[in-house]
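Remarks on the structure that follows.
To keep things simple, chains are lettered A, B, C and D as they appear, and every chain counts its residues starting from 1.
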Amino acid sequence: MCGLGRLKEAHISTPEERWADGGTDTGRTLSFSDAVIAIAITLLALNLEVPQVPESSAAAELPSALLELWPNLFSFVLSFWIIGVYWLAHHRLFQQVNAYDRWMLLINLLFLMWIVLMPFSSALIAEYEHQQLPVIIYAVHNILTSLTLTWLWRHAIKDSRLVKANLDPRLVRHSNFRSFIVPSVFLLSIGISFISVDVARLSWLLVGFLTGPTLQKYM
Amino acid sequence: MCGLGRLKEAHISTPEERWADGGTDTGRTLSFSDAVIAIAITLLALNLEVPQVPESSAAAELPSALLELWPNLFSFVLSFWIIGVYWLAHHRLFQQVNAYDRWMLLINLLFLMWIVLMPFSSALIAEYEHQQLPVIIYAVHNILTSLTLTWLWRHAIKDSRLVKANLDPRLVRHSNFRSFIVPSVFLLSIGISFISVDVARLSWLLVGFLTGPTLQKYM
Amino acid sequence: MCGLGRLKEAHISTPEERWADGGTDTGRTLSFSDAVIAIAITLLALNLEVPQVPESSAAAELPSALLELWPNLFSFVLSFWIIGVYWLAHHRLFQQVNAYDRWMLLINLLFLMWIVLMPFSSALIAEYEHQQLPVIIYAVHNILTSLTLTWLWRHAIKDSRLVKANLDPRLVRHSNFRSFIVPSVFLLSIGISFISVDVARLSWLLVGFLTGPTLQKYM
Amino acid sequence: MCGLGRLKEAHISTPEERWADGGTDTGRTLSFSDAVIAIAITLLALNLEVPQVPESSAAAELPSALLELWPNLFSFVLSFWIIGVYWLAHHRLFQQVNAYDRWMLLINLLFLMWIVLMPFSSALIAEYEHQQLPVIIYAVHNILTSLTLTWLWRHAIKDSRLVKANLDPRLVRHSNFRSFIVPSVFLLSIGISFISVDVARLSWLLVGFLTGPTLQKYM
């Protein structure tokens, strides 16, 4: 945003790099990503529809009609926090990034495509709460999403081209370790789903526990 | 956004803090929050559906069909201004904040989850305008939202770690006082709903009066 | 966004002003406003639904089914450009503004409420293309929107408190003149609607003509 | 965003230019554009609806019901990447732009109008996968979108008024060449659609190939 900073950045990137969509100002990519993630996380709530009971018998029927929304509420809260965890990871990743190239923009778009599809998979597990297929689709979807984020990170740190020069090697090790938490939980849940669909769904709550603030202190 | 500022910030935060999602650049958190609040406030209008009457008898039936939208319009305007008041409070809060940690990001996400659910609760009170249950759900929903914002503020000022050093103690007292207005009004409305659902709904308009610009001058 | 700029700003605003939601960094207000306007302008397209004809007879029936979308397309394009004109006016207005107070935030929220309601009024005129009532609602809606923007401008330039010090008086006169174009066209269309609903709807296209780039040169 | 930068900018633009909506701070135009594109790209997923089969026979019927979503998934992925390519082109274009005038804002709004209509055309080709008319509409829609972006670029570089002074002539030639890729592919697909609708739809995948990162290296 600052005139001086921009001029200096322009000097660093060679013309070739700019033709290939490279640059050092990640601002627009981040604001576009934030907007896409924000819309997807908000559209999750569209799966919660107000139940329709006649106004005359609403006093009697509304409580149970609202309770029937329980699977929708479960999948809303679950998907909200999973997208929230992805946003936190994206946020953390780009704190280390200070340049980008065309591949980075494309991998980021692929990550955003998985995010945009999340309300669909979320609606699927809400609609068919005792079926195995939606559980597998939801798990595979999340494995692909988190692997795409790992790909983004690996691409950024390769040859240290797109990250800050003084990147702490412990931070890299820590990030590499972290990036396995989400895909591992979802891979495990696919195995569990062959025994019990309900336990497989509950196992996803491990994502919240393993990426939570308390545990992070000791890792 | 400015190169120099960022470098200095990087110096202030220790590596440990950064692993734990800490930092001083709240820009992305704010733009993500703004986008989520903006989408939720806009989706409120989806509860206002154009009434369907035959084109042939529209001249006669359309006026009354539009008047029947009154409860939807009431809940739209009410929820629009309540989310507006939350945005103002969030805006005011982050004017004092100059750093964040992982807990702050998570409490902020919890606040955004309540905001995202607002169109649902708003549709519920529009659909069942004479029922007590939707009134209680709407009130509890708003109590949770405002308490989450209070939690965010308390976490930020604890040990003065995430706020500006020279925070005016009068401003802190004032903020503490203000943070009780919204939950108090909604708690009161739950009590009133046992006597009259209509009066309980009207009592929510107190939020607009108590947080309005005229009154604020004297507080 | 710049550390130094922010510190200086903090000095200018007195504690009293900050309690009353005042400040000089309009960044968040603008990004929130942009997001709300962007969502409303995009939701306009939801009124364009893909027509449903059987796949077997689609080759014969689809062309006429698509032509029947004409009133929806008219109201989409019209409302898209009207919201576009409001965004341009909001953008132009805030180029002169360098501070805000609580009233300004509230008037801006009122302006955004009218914007958020625009897809509803737009769907109404698309659904009932030969009725007078939707035309009057649409016109009144736009008069209120543009008057709210005028109120925002008047509040900002009052006592020169919220605008740049060296504001060109010719620019003020020009802005005052411009702010009457949109309400005048819509007021006129209400009168015309008593004679012909179709002519009243077409008269709205004057907004595009009168605020267009060619004419502006000579004003 | 920085006080000093803004003051200097204000000096450069003459009062006449500012009346005509000119200026050098493209920040708000970009954030508004990003928000509109982000919403349109996310709304594409609304065309993917969860199939409704009875819970009792879901185990048997859900797999085939999900497979029937294939044309919707094809048009979602296709349109997501096409909008993604437009965003990349818009991003690349504005990296060279350092000023704007009223015409630029209006051409940009026209570009955003095509983007906002994309979910409609995308739903149309998903709904009627064997019809020629939706294919022609989708192709014409994309030709108009990319030509509007070319118009934006031509307007910006005309007399070098709105771009950086030291613009590399090779970059201009390269951009001019690139801007013909998308309209050429879609024009070609219209011709193909008279022979085979399916081949015409598949020919659109050329956009991904021709604008991909591998090929760009050699151009």
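One rule holds for everything that comes next: a residue touches a chain if its C-beta (ideal position, glycine included) is under 8 Å from a C-beta of that chain, and two chains touch if they have at least 3 such contacts.
These numbers were taken from a predicted model, which means no experiment stands behind them.
**Q** By mean C-alpha coordinates, which chain is most distant from chain D?
**A** Chain centre farthest from chain D's centre: B.
**Q** Chain D and chain C are one sequence twice: same or different residues at the contact, by the over-half rule?
**A** Both copies touch with mostly different residues.
**Q** Between chain B and chain D, what distance separates the C-alpha centroids? Give it in angstrom.
**A** 34
**Q** Just curious, how far off is chain B from chain A if you go by their C-alpha centres, in Å?
**A** So the centroids are 24 Å from each other.
**Q** Where in chain C do residues touch two or more other chains at once?
**A** 1-2, 31, 35, 39, in rising order.
**Q** Which of the residues in chain D come into contact with chain A in the complex?
**A** For chain D paired with chain A, touching residues are 1-2, 5, 8, 27, 30-31, 34-35, 37-39, 41-42, 44-46, 48, 50, 52, 55, 58-59, 62-63, 66, 76-77, 80-81, 84, 87-88, 91-92, 94-95, 168, 170-171, 174, 212-213, 216-217.
**Q** Any idea which chain A residues touch chain D in the complex?
**A** Interface residues on the chain A side: 1-3, 15, 18-21, 23, 25, 28-29, 31-32, 35-36, 39-40, 43, 102-103, 105-106, 109, 112-113, 116-117, 119-120, 123-124, 127-128, 130-134, 137.
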